[in-house]
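Chains: A, B, C and D, in written order; residue numbering restarts at 1 for each.
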Amino acid sequence: MATYPEIIETPYPFQHLLGFQIVEWTPELVEIHLPLHEALGNRYGIPHGGVHATLLDTAMGFAGCFTGSQENTRQAMTLSLNVNYLSRPKGETLIATGRKIGGGNRTFFAEAEIRDETGELIATSSGTFRYRSA
Amino acid sequence: MATYPEIIETPYPFQHLLGFQIVEWTPELVEIHLPLHEALGNRYGIPHGGVHATLLDTAMGFAGCFTGSQENTRQAMTLSLNVNYLSRPKGETLIATGRKIGGGNRTFFAEAEIRDETGELIATSSGTFRYRSA
Amino acid sequence: MATYPEIIETPYPFQHLLGFQIVEWTPELVEIHLPLHEALGNRYGIPHGGVHATLLDTAMGFAGCFTGSQENTRQAMTLSLNVNYLSRPKGETLIATGRKIGGGNRTFFAEAEIRDETGELIATSSGTFRYRSA
Amino acid sequence: MATYPEIIETPYPFQHLLGFQIVEWTPELVEIHLPLHEALGNRYGIPHGGVHATLLDTAMGFAGCFTGSQENTRQAMTLSLNVNYLSRPKGETLIATGRKIGGGNRTFFAEAEIRDETGELIATSSGTFRYRSA
């Protein structure tokens, strides 16, 4: 449950296509859930690495753009994304959590990780982002 | 057109979901095409960074797994993926090209880039992969 | 002070050149200290980014090679290193801490960060490594 | 030999400590040479990964800061650095080449690689940088 449920936006197209939900968006944390389903499978029948990258990039980008307001939004573009693939899911839901760890008024740094509901650490990431001009 | 058209596999689920095609898979190069469509859009209406990551990861993974044979396939898992986002597409198709640049019999290194049909350089990547045991 | 002081090795040449010390090496954590001095300065008179990369790579590599024994050592090679530069030091000592976060018997994943003695977060990193054959 | 030898600066402290030379700095390319010597050795007696990171970061940073003038310099800070370690040197000199591949007036993207004089590809990198305010 989001601490600021009123700022959770309507899913955008790619979010809708993959089926993930932004369940928490606070100054400290972004949390995203994605129930696994067959359409996310790669050549080996396990979730494609692009799925993880999508969730991690999203969690980090939102983490740097929190304002707490629907009118006064902040926007950012990813400059660089690094993803490490540690394990494959044992459960049925990917849970990505992201947080901003530094930066200024032009660029920011963030980290994120993906676990499943069993706690298995599946992927980690870091990223650099730049704010879009208002 | 693929130099080895007979080894191009049936699209797997996530490939089908996004709509990309592996149009070339040779010892030197993998090329993937993705016609842009609305369902790939992010919060700002441009292709989500996860789309780029998906194409780049795929192009690099395939680049390290070429065997030229449908019976004797090779499989790999991504260890680490680094993506740089340089520009946004001016055209209507994302064209990813990947190639293996080093490694041994356990791990390999690859690079890839995405341009559109106008030649605009949109994203670059590098990755480390490990071969799956037979 | 190291929990396992007896396994702290004699500084190797590059370690001696830069002047860093491995002050802790346990199953959970590696900690490295580097007193800042002029010879580490870049074109702008602040520590060169290669200094941070050196400490982070070292902290992560050692973190994956702990055995607790001087006779039975483990060795690893870096496959991929990602470093994010968040801030510049306000204090006089770089303090790098690294830990292993996953992997198997062939490869491992690690994370590290650098703070100074004021607590300022200066750089973060992740890396993938492969174990050298015995 | 540099195309613009007059803009090659006096080595800064860390450059002097490691012993590398910027031998070319043009709008298209930066080339750096480092004769290998014992003081660069790691725990295994081969060049420490931090040495490669230093050269790659330097080559990329300079690549984005070319102005062709000694009076009107441009300065940049590394945001993110990704290094892949492909092989170890067979020769006696590390040769790093870097080039800018994109960006705008606030941030830029660059790539670099290290070979030795035998042509062996030893390491590759990409990085994101931000320009320092004048």
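Basically, contacts are C-beta pairs under 8 Å (C-beta built on N, C-alpha and C of every residue); 3 or more make two chains touch, one makes a residue touch a chain.
Model, not experiment: these values are computed from the prediction.
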| item | value |
| --- | --- |
| Chain pair, A-B or B-C, that carries the greater number of C-beta contacts | A-B |
| Centroid-based (C-alpha) most distant chain relative to subunit A | D |
| For subunit B paired with subunit C, centre-to-centre distance based on mean C-alpha positions, whole Å | 33 |
| Subunit A-subunit C separation of Cα centroids, rounded to whole Å | 28 |
| Intercentroid distance (Cα basis), subunit B paired with subunit A, Å | 21 |
| Shared interface positions of subunit C, touching two or more other chains | 79-80, 82, 84, 109, 126, 128 |
| Residue ranges of subunit C in contact with subunit D within the complex | 9, 12-18, 38-45, 47-51, 53-55, 57-58, 61, 75, 77-85 |
| Contacting residues of subunit A [partner subunit D, same complex] | 79-80, 82, 106-107, 109, 126, 128, 130 |
| Touching residues on subunit A, where the partner in the complex is subunit C | 82, 84, 86-87, 101-103, 109, 111, 121, 124, 126, 128 |
